[in-house]
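Common to both upcoming complexes is chain A, partnered first by chain B, then by chain C.
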Partner chain A sequence: MKKLFPLAVLATLIIAIQLITGWTDTRFYLTQLTMSAYYALLIIGLCVVMGYAGQLSLGHAGFFAIGGYVSAALTTRNLEGLKDTVLIRLFDGLGLLVAGQDIYGDSLLVVTPWAACLAAVLCAGVIAWVLGIPVLKLKGHYLAMATLGFGIIIYRIVLASEVFGEADGISDVPSFPLLPGLSVSGDFGAREENYYIAWGLLIIGLVLLRNLVDSRVGRALRSIHGSEEAAEATGVDTARFKLQVFVISAVYAAVAGVFLTHYNGGIGPSEAGVMKSVRYVAIVAVGGMAHLWGAMVMGIVLNFLSLRGVFGSYDDAVFGFILIAIMLFAPNGILSWNWRGYGAMLLRRGRRRESLREKTDGLA
Partner chain B sequence: MALLEISRLHKKFGGLHAVNDVSFGVAQGSIKAVIGPNGAGKTTLFNLIAGSLAATSGRVRFNGEDIQGQKPHQIAACGIGRTFQNIKLFHDMTALENVMVGRHLRSRAGFVASMLHMPWTLKEEKQIREKSLELLELLEIDAYADVEATSLAFGQQRAVEFARALALEPTLLLLDEPAAGLNMQETAEVSKLIARIRDLGITVLLVEHDMSLVMEISDEIVVLSFGQKLAEDVPSAIQNNTEVIKVYLGE
Partner chain C sequence: MTAELFVQYLFAGITYGAIYAIVAIGFNIIYNATGIINFAQGEFVMLGGMISITLLPIMPLWLAITTAVMLTMVFGALLEICFIRWLENPSVLRMIIITIGLSILTREAALHIWGESIRSLPYFIGDEVMTVALFGARISPQVLWVIGACGLMVIGLNIFFQTTSVGREMRACAANRRAALLCGINTRNMVTLSFMLSAGIGALAGCVMSPITSTQYDIGTGLAIKGFTVAILGGLGNAMAAVGAGLLLGILEAFSVSVLPLAFKDAIAIAILLLILFFRPHGLFGSRTAAGLKEF
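Right after this comes the complex of A and B.
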C-alpha cells in the first residue's frame, strides 16, 4: 500500500492535468507533457545505471537516436527496389512489410511499425551489449570519456548517412498503431490518447525499475557503486551486472526514441547530439542520482520548460549551469536538499542581526 | 588433506618478488595466522588467494579444486569469504543492507524476476532480511541495523564487514588484519569472535600484526619475511624460534 500511494497521486495528477487543460482550452500543453514523459523514460533508465550502479554514461542520446532513427528509417525508406531479393520476400511472407503509396503516387514498400520498433530496440540493446563488454571495464571519468566517444560516433553517423537523412533527419514517419484504435501519432485529434500512452508507458517503466532497485539485484548494483572490490568479494559478478543494467537502460532510451519519433513524425540529428547526453546526466544529478522519483520529476519539469522555450536560445547553457550549480550546492539532488535547514539558518541570521541591533541601540 | 593448499605460490611485481615460492596448507576447522614484518607479502598473499591478483606461478587448491586464476566472485562462490585491511563497506547503504548484499550468493532473483516482483522473490527477500538480522545480532550490532554503515564507529564497521562475510556462509574466512585500529578491549572481543566463528565450523585464515591476538587464538602460524616462508609451526614454537625473533627484533 505504501508503494502504491505515490503512484496513485501521480495518476490523479496526470488525469487532473488533462481535465484542466480541457476546461481551460490549453490543450497544447499536453504535447510538451507527452514529449517530456518520453524523455523522462530515458532519464529514469539512465538514473539506474548512473545513480544506483555508479556507471556514468555520456552516450545515452546515442541509444535514443538508434531507437528513433532505426524505427524511422525502416518505416519510411522504400524497399520497392529490393522487392525481388530473398530477404525482402521472406520479410513480406512473415507479414513484416506494408505496401502503400508515397506523396507522388509511386508504390511504397516499408516495414510495419511494430516490426520496426522491435528491430530498433533490439538494435540498441545489441549495440549496448557489444559496447558495454569492453567499455564497462573502465572506471570513473575514463568510462565517461569512452561513452562520450560512442555518442559522438552515433551523432556523426546519422549526420553523414543518406539513409538517415543527413542534416535534415527523417520526416514523414508514419504513426505507430499500438492496439486497434490506439496509435502513437502527432495528430491533433489524438492528443489526449497520446498523452495517456506516454504517461502509461512512463509509469510502467518506473514501476519496473522501482521493483528492480528494491531487490537483490538493486542491492548488488548499489554495492558495485560502493566498492567494486568488496562487491566481487561478496560474490557479485560485477562485470555481468554492470553490463545487464547498461543494456536495460539503453533499451529504455531506445523505446523512448522510438515512441517520440513516431509521435513527432520525424527525428533530426540534434537528438543524437552530445549536448543531449549532457542534459540527461544533468537531470539525473538534479534529481538526486540514486533517486528514481527525483529523476522522473526533474525529467518532466526541466524538459517541459525547455520544450516550452522558457530557456530560449540559452537552452544548453541553462543545463550546463544547472550541472555546475547542483554539483556545488546540492550534490545529492535538489529534492534531498535541506530546505528547512537552510530556512532556519536564514532565520537565525536575521534574529542575530536584530539582537545585535538592539544591543547597539541600547549603547547609543 | 587440507581445506586450502597453497603450493609454490609466486608473485612478481616488476623485479620484486612479493610472494616467493610459498607453500602451506590450512586444515579444516582450524585457525591459521600469517604474520611477518611490514612488506613481507602478507596482503599480497591474501589477494592471490581471494583472486584480486593473479599469481605469476604456483597453485591454490581449495577443497581439492584449483582456484588460482579465477575471478574474485567465483572464488567467493566456492565458499571463501573475506574482509579487508582498510574496511570496504558499501556507502549510502545501511548496515543491514550491507549484510544483505552478503546473501547474494545464497539467493537467486535476477533482473527479470526482480523487475516483475515475482511472488517468490518477496519470500526470498524476507529470508535474506531475517538471516542478515540474525548475523547482526550475533555480532551484537543489531541496534545499528538501519544506520548508514559508513557512519558507524570503526569497531562497529569492522563488525558489519564480518557479518557481511559470514552472510555468504563461507567454509573458509580470510581476515585481513581484523584487529587493526582497534583498542585492547575491542581486540579481545574480536579474538573471542574469531574463536566463535571457528566453533561454527568455519576455517579461518588471518593476517595480523597484533601478536597477543595471534598467539592466543591460532592453531598454527606461518611467518613470512621478504615474500618467503620463514617458519610454520604452533604458536609456542614460533615464540621460541630464533629466526623469527631475529626478523622481528633485529640481531
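Right after this comes the complex of A and C.
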C-alpha cells in the first residue's frame, strides 16, 4: 500500500495535467510532456547504473541513438531491390514486412514497426552486453573515457553512413501501431493518447526498476557502489551484476529511442551527440544519483524546460552549470540535500546573534 | 607509396602528433599533482588560439601570443582556485563530472564571445602557399614552428622538473603528497601551479597550431580525447612517454587517411583508446606493477 501511494499520486497528477490542458486550451504542452517522458525513461535506466551500481556512463545517448536509428532505418529503407534474396523472402513469410507506396507511387517494402522495434532493442542490448564485458572492468577516469569513446564512435557512424541519412538523419518514420487503434505517432489528433502511452510506459519502467533495486540485485548493486572489493569478498558476482544492469539500462535507452523516433517521425545525429550523454548524466546527478523518483522528476522538469526553449541559446551552458553546481554543493542531489539541517543552522545562527545582542544590550 | 609521399604523410603525422603530445603532457601534469583527469584540457588549447587571434589587431604577433598564454594560465589557476581547491577528499566520479562541467561552460562561453566562425592566426613566416623542400617533400614553415615549439616545450619542462626547486617540489608532490607536505612543501599551491603550467603549454600549442588547423570554439573536446588517448598510450602520469605516444598516434592517423575515408580519422584514435584500455591500461611504456599501485 505504501508503495502504491506515490504511484497513485503520479497517476492523478498525469490525468489532472491532461484535463487542465484540455480546459485551458494549452494542449501543446502535452507534446513536450510526452517527449520528456521518453527522455525520463532513459534517465531512470541510467540512474540505476550510475546511482545504484556506481558506474559512470557517458555513452547513453549512443544506446538511445541505436534504438532510434535502427528502428527508423528498418521502417523507412526500401527493401524492394533485395526482394528476391532468401533472407527477405523468409522475413516476408514470417509477416515481418509490409508493402506500401511511397509519395511518388513506387512500391515500397519495409519492416513492420513491431519487428523493427524488437530488432532495435535487441541490437542495443547485444551491443551493451558485448561492450560491457570489457568496459565494466574499468574504473573511474578509464570507464568515463571508454564510454565516452563508445558514444563518439556511434555518433561518427550515424554521421558517416548513408543508410542512417548522414547529417540529415532519417525523416518520415511511420507511426508505430501498438494495438489496433492505438499508435505512437505525432498526429495532433492523437496527442492525448500518445501522452498516456508515454507516461504509461514510463510508469511501467519505473515500477520494474523499483522492484529491481529493492530486490537482491539492488542490494548487490549498492554493495558494489560502496566498495567493489568488499562486495566481491562477500560473494557478490560483481562483474555479472554490473553487466546485467548495464544491459537493462541500455535497453531502456533503446526503447526510449524507438518510441521517441516514431513519435517525432524522425531522428537526427544530434541525438547521438556527446552533449546529450552529458546532459543525461547531469539530470541523474541533480535528481540525486541513487534516487529513482528524483531522477524521474528532474528528467521531466529539465527536459520539459529545455524542450520549451526556456534556456534559449544557453541550453548546453545551463546543463554544464547544473553539473558543476550540484557536484560542488550537493553531490547527493538537490532532493536529498539536507534542507532541514541547513534551515536549522541558519536559525541557530540567528538565535546566537540575538542572544549576543541581548547580552550586549544588557551591558549597555 | 612513393618516398616523397611517405615523407609528406610523416610530417603531417608529426605535426599533429606534437600537438597531441602537448595536450597529453598537460593531462599528465595535472594528473600527477592531483590524481584528476582534467576534461577541460582541450579548452586551454582553444582559449590560447582564440585569445591571441582577438589580441592580434592591437599588438604584434609575439606579444599577442605571450599575452594569450598568460591569460590562459590565469584562467587555469582561477579554475583550480574556484572549483577544486576547497573540496575535501572529493571522489573520482565527482571530479570527473566537475571538470566535464567546466569544459562545457568554457566552450559555451567561447561560443557566446567569439561565435561559431572559424578563425586562425596568420602564418608566422610567409603565407599559406610558401613551402620549404625537405627530403623531397614540400612543407609549410609553420609545420617547423609547431614541431620546434612543441620540442622546446618538452625540453623546457624537462629542465624545469629536473633542475629548478619548484619543479622538484612538484615532483615530490606527485610522488607522495603527504610526505611532500611534511617536508614543508605547500601542496595546494603546487596543484594551482600544475593547472597554470598545463594551461600555459596548452595555450602555446593552440597558438602555434592555429594557422594550420584553425581555431573554433569546439575544437577542445576532440583534442581532449586524442590527448587522453595519448596519455593512456604512454602510461598515465608518465609525461615523457606521452611524446612518443603522441607522435605514434599522429603518424598512424596521417597514414590512415590514405587507407580509410576521412570521416573515420577520429574513430582511429578512439578505437586505439578502447583497445589500450581493454588490454594494456598501464600504457605501452608503463609497467603493470606500478600501475597496480595507483588509483584510477
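The rule we apply is simple: the second predicted complex is superposed on the first by the 339 of 364 C-alpha atoms of A that agree within 3 Å, B and C clash if a C-alpha of one lies under 4 Å from a C-alpha of the other, contacts with A are read in each partner's own complex, and residues count from 1 in each chain.
Basically, a residue touches a chain if its C-beta (ideal position, glycine included) is under 8 Å from a C-beta of that chain, and two chains touch if they have at least 3 such contacts.
Note that the structure is a prediction, hence the values are computed from the model and not measured.
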Worksheet entry | Which partner reaches more residues of chain A (counting touched residues only), chain B or chain C | C
Worksheet item: Just chain B (first), just chain C (second), both, or neither: which does A:223 touch?
Response: first
Practice prompt. Give one of first, second, both or neither to describe whether A:56 is in contact with chain B, with chain C, with both, or with none.
Written response: second
Practice prompt. Classify the contacts of A:319 with the two partner chains as first (chain B alone), second (chain C alone), both, or neither.
Written response: second
Discussion item. Output check: A:159 vs chain B and chain C. Expected answer is one of first, second, both, neither. What do you get?
Written reply: second
Worksheet entry | Partner chain(s) touched by A:298 [first = chain B, second = chain C, both, neither] | neither
Worksheet item: Of the partners chain B and chain C, which touch A:244 in the superposed model: first, second, both, neither?
Response: first
Worksheet item: For A:267, is the partner it touches chain B (first), chain C (second), both, or none of the two (neither)?
Response: neither
Worksheet item: Inside the complex, what are the residues of chain A that reach chain C?
Response: 54, 56, 58, 134-135, 137-142, 144-146, 148-150, 152-153, 156, 159-160, 274-275, 278, 281-282, 285, 313-314, 316-317, 319-324, 327-328, 331
Response to the item:
Touching chain B in the complex, chain A uses residues 208-209, 211-212, 215-220, 222-223, 225-227, 229-238, 244-245, 248, 290
Worksheet entry | Residue ranges of chain B touching chain A (in the complex, touch as defined) | 50-52, 71-73, 76-77, 81-82, 84, 88-93, 97, 100-105, 107-111, 114-117, 121, 124-125, 128, 164-165, 167-168
Discussion item. Which residues of chain C touch chain A once you look at their complex with the stated criterion?
Written reply: 37, 83, 87, 91-94, 96-98, 100-105, 107-109, 112, 221, 225, 228, 232, 261, 263-264, 266-267, 270-271, 273-274, 277-278, 281, 295-296
